[in-house]
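Structure first, then comments.
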């Protein structure tokens, strides 16, 4: 059961704060999907503990040059997924620097639509 | 005066199987901060899955994300594709898939336990568990034809069948292993030097486990009821006697006990499968191309593995996102290390059972 | 004129003459005079075979009483103007007690000056080692930002100090001893405050009031001694002493503990670090603190059973704890300071055991400790002046820049721990004599344990420092050239020569067998050279292994954190032990 | 003459003990294990390897460690003063420690530091052992000790304390934190290679000889008792090695000093009443 | 601790579990997934195996004197690299004539040495293919 | 002169480096140490320290980040040494061939003496490879072998000269807390 909820980067923090109960929801990961027209879909994927197949996806469509807000204050473990997104798509996330997988000065953005 | 020293572990270090670098900021031998670099194994598999390989070959490619839970990777990937194509596989194939998944869990947990012992300086125990683990490896080789990379699961079912003679052989070996595991149980609870090394060391509290979204044995040792086997219905786990294990202490010892109990549970499940294996085909040819999005999760030995697959009806996929167990545990690791003694670091590290090769993909 | 009077009066006179005069004249004169003093103290050994005994005229005694009063009034004045209540209090207390002493005054007389073997040895230490320290003080003080007069005054004070020390080891009269004791306190007070800044004066006051406790103890001992035994002389006190009434001895011991900066009176010696380094050297090696073991040695024949045991226990306990505390320090001089405290405590313990073996061990330790510490403080001065280094943590790889300084530090530390040097012999004998005592009283096992642990800690301490010196980087080939003034290097070599002579004397007196002397020397000196020439031609240089990383990890020194509660516990235990000693002696 | 031969072959005996131990350990883990002569193969190979050094002092100090240890063994064989030998042995340990600190490697530093801490644990007990012998024999001379009858009964508690420090010196579980391969990759020895590592490798053999020679002192003049003691202790040490994990330095010092010192203290006090 | 103590003691007198491998060969199960074997006479040159192979360990490269087979219209020669193969058997599953043209044996791959130039030769073949 | 060459064979100490593999071959190397295969029979010790190793076991297709470490480790190994590439991905890149962050095999960087195929290489194959490697080791000279690529040197300036300048000057207050 995958439920997709649209949000935007402006309302994201508020939405997640309202939604996220840390003893009920398990934050899976942050995901990016390259779309056409130089757009990017960013997904925040959650699942519920002890319930079968319950997955909630918050997503937002952004442009590559937009700054993605960080949700680390709400979910500390999101830090590593955020760094991964920065590396793989070459986007900017608040408070996350490049260098998890690629070198800090690397120009690569392997997964973005317009890669290398 | 600056009193701290930096102790690096890695990227090449004898306590590590994989290249990963931790830099421990230590005051004498007390760790006050950790810095980790996990990107050494980055090969670009996610990218290759959307540009280099067709969807039906990817099952073998993603197995090489990680040699330890290779089967879970191909399983998870296969399940997502099967979901996108639509179509049911036979009950027997499902059972055989579980059998391999659990065998894999057994050997992986045994590896982890032995590794923890070795890093705690208990070479004899390491050898003992590694010796017994060979039994499981032999079973796996008999079933799949290879010791590590099974390549057993294909889209539509599994590749090889098990005949009655083989099943009997496996059952007898599993019984042997079960006896051995009971022996470890005694050792891990009663050995004085191990308890000095493990009890009360590397604690993750329940609240922290929730906050850092810990998964797998790490979370269950802290008391979180998080086991994906309990949260999915693609495979009939509940029919074959799956029981969730839980502990509350959250230290290395609790993690070891969780693993030991899971070993016993897995062996029991394997026995149940082999005894009640249904008749039928092992492979169903699925027609059609995948289309749409799916998120599929499985419980790997180290915790939850997630695949996000987006397809557009052609043989090339649009996006494969692999969220691996160690990857999501890393924030929790760094948290646990702080305040521990450097002498405990290798044992703590091994007790997470980290696997960086999937972290960086 | 007898040698002792030369040794006492000449430095005094020279001190006044050195106050005036230019740099060159002063330096040359000083060096010549130091040589002269050394010569006199050496001849003393050969000339004075039996003990000399001299009685002073009463006039002189009145002069001493006057001087004493002036010193006490000065202390009181300092306490009042510096608004330091403890100083004021102890000064007043001492005045009252002193008045009582003068009031009671005993009738029996004995010799005021008494020179025995111990005194002769002490002369050697004081004049030769002290002289060398003064020579390098000449170099040191030049680079300080003082006026000419103050610089000369510094040297003069050091000579004054020598004179007092020479007197103190000659006297047999406890009253005079008290005066000199107070004078050393005064000298150290002035020297510690020499920089004239806030910290210095604070530490000087601390040294002042703690040392005044020693004065009080002596005065109490005097009063008790006069009332009970009707004497103010050491020899008579010791001869007449009643086994059951050892109170005067105990109080004199406490004075020794104070001067020896034994825990819990250790704070002043560490505070004295703010003084110019030669002062520390002077206090630590040749003078001031050496009063403590000297006094112990003098009193040893009078000690018995309980007192001897408890002093041994206190001494070994302090030896152990000071070594432990030193492990947590990083300031080079402080490490040296704490090791001084430790070794002094060991000397006192040895003196208190009182067997012949233990006494010899104590004397050997006094001599070698003085030389080694002088050498080490000299190196501390060089580090400070030429390299701007004060912390052990910073001296990483010093060997690349100044092999000689490193050599001296190594020798200095080695001479405090390793065979064939004296400190090792002393420790060796200490263990042996304590092992003998265990048969008499099982409690000596504790002392043994303290010594065993303490000596391991001290070794740890020294080598912790040494390890820093040797680290050499492969890549770092260029060396910095630092000029070390002659006034530093020459004394270093002189002290080194003294060490070697000391070893020779030990060998002559059969404390060491040939094998025991030569094997370590061969191990340390010959083996490396041999192998170095054989093997290094083939060897390739590589970088260290950092797990495959190129980036060098940051190295820092290990420190041994000692919890505040332990420090407290150590002080408390030491205090309690001393109280037990007093109470035990009273009952 | 026999002494000279004994001194010269001491490393070889140590190598044999070490080789035997590797086999026994393998067997205890149900492995076949290397050949008994394996240490000598290793040794010969190391001579043949290219030698890399990080800095000269480091290498020289390693050699000095070895030579000093050999001298220590020689002194024991020759029956010199036990206390002196213990201090000389301390000297050899110190060379190793300085060597550890002189390399610019963090593991080497940690290893050396742990070696220092281990010294805190074993050195006092060695001294107490020596004093125990002194109180019974009235002399520190090993030749005297060896000519008297066995004192193991009188020194039984000290013997137990001595047993506790054997694993520290031989780097065996549970007291092998100084070498801890999984943590610090061998500690002090990490930067040695080729012929220089050879010296350290052989120093380990000498350490075996030293420990077993000291052990023999407890047997006094009885060779049979000595042999029985060595074999028993050899087995015991290996069995314990194979049934314990490595414990931390902190625990090591507490356990060894706490138990060892109290045992030897009680023993000495007991002796003083006899 | 005591149990492992006695276990170690008991183990000392048991025979070790070790198989003295190069001397005592270990028999491989017939289902062991070893190197891929090929019979050029049976092959129909449909190139399905080449396409199916994930790492590209099978290459059909045009050569001057190709194997004589009527199906081989383009003059191709089969090349297989056991050092690139991941032993997944996907090729066999893709092959229309499994067990005849292409099958997986239970033989282990051979150990390469420097002179075999395993990688460089394969690069040349891949160049040729393009 | 005593001939050391036959001895080399008897005491191969190994260093294992994972240059981006999937762990499959790594755990098989580990399994080689286990009682069933027990390569300590050959005198093997897993030293984990390049300076004391003779055989360099590498697994993985050499990822971008591993390459400098790989070469650093290689250069720190004393001669004579042999390099074993364990697993298909180490020999040629395996399934990772042509992915953007790997460079197709170990022999792009250092001279490889033995290639062990298999994904994952089974312990038997690894032992076979080791036996082969020992033959090669025996015939090697002590001539220094160089890696094919070298990377920048780390600069060092944490020397005494720099720290000297930042050290405290005489007379400055030094021991605030420790004095009291």
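Each chain carries a letter (A, B, C, D, E and F) given by its place in the written order, and its residues are counted from 1.
The working rule: contacts are C-beta pairs under 8 Å (C-beta built on N, C-alpha and C of every residue); 3 or more make two chains touch, one makes a residue touch a chain.
None of the values given here were measured: they were computed from a predicted structure.
**Q** Which contact partners do subunit A and subunit F have in common?
**A** B
**Q** Would you kindly count the fewest steps from subunit A to subunit E, each step being a jump to a chain that touches the current one?
**A** 2
**Q** As a test of understanding: of all chains, whose mean C-alpha position lies farthest from that of subunit E?
**A** Checked the centroid distances; the maximum from subunit E is C.
**Q** Select the chain at the greatest separation from subunit B, using centres from the mean of Cα atoms.
**A** Between subunit B and the rest, the longest centre separation is with C.
**Q** From the C-alpha centre of subunit B to that of subunit D, how far is it in Å?
**A** Centres of subunit B and subunit D (C-alpha means) sit 42 Å apart.
**Q** Averaged over CA atoms, how far is the centre of subunit B from the centre of subunit F? Could you give it in whole Å?
**A** Distance between chain centres: 27 Å.
**Q** Nearest whole angstrom, what separates the Cα centre of subunit A from the Cα centre of subunit C?
**A** The separation of the two C-alpha centroids amounts to 69 Å.
**Q** For subunit C, give me the residues that contact two or more of the other chains.
**A** In subunit C, residues 391, 473, 540, 542-543, 545-549, 552-555, 558 touch at least two other chains, as defined above.
**Q** Please list all residues of subunit F that touch 2 or more other chains.
**A** 17, 35-36, 38, 41, 47-49, 51, 64-65, 69, 73, 76, 78, 94-96, 100-101, 119, 122-123, in rising order.
**Q** Can you list every residue of subunit E that touches 2 or more other chains, as numbers and ranges?
**A** 1, 4, 7-8, 16-18, 20, 54, 86-88, in rising order.
**Q** Tell me, which parts of subunit C touch subunit D in their complex?
**A** Per the touch definition, subunit C meets subunit D at residues 399, 418-419, 424, 428, 431-432, 435, 438-442, 445-446, 448-449, 452-453, 456-457, 459-460, 463-464, 466-468, 470-474, 515-516, 519-520, 523-524, 527-528, 531-532, 535-536, 538-546, 552-553, 555, 558.
**Q** Which stretch or stretches of subunit F touch subunit B in the complex?
**A** Contacts found on subunit F: 15, 17-28, 30-31, 33-36, 46-49, 60-61, 63-66, 69, 73, 89, 94-96, 98-102, 119-120, 122-123.
**Q** For a test of understanding, state which residues of subunit E touch subunit F in their complex under the given definition.
**A** Listed in rising order, the residues are 16-22, 26, 35, 54-56, 81-88, 108-114, 116, 118-120, 122.
**Q** Quick one: in the complex, what on subunit D touches subunit E?
**A** Of all residues in subunit D, those touching subunit E are 24, 26-33, 238-240, 242-244.
**Q** Quick check on the complex: what are the subunit B residues that touch subunit E?
**A** Those residues of subunit B that touch subunit E are 53, 57, 60-61, 64, 124-125, 128, 131, 141-142, 144-146, 149, 151, 154, 159-160, 183, 186-187, 190-193.
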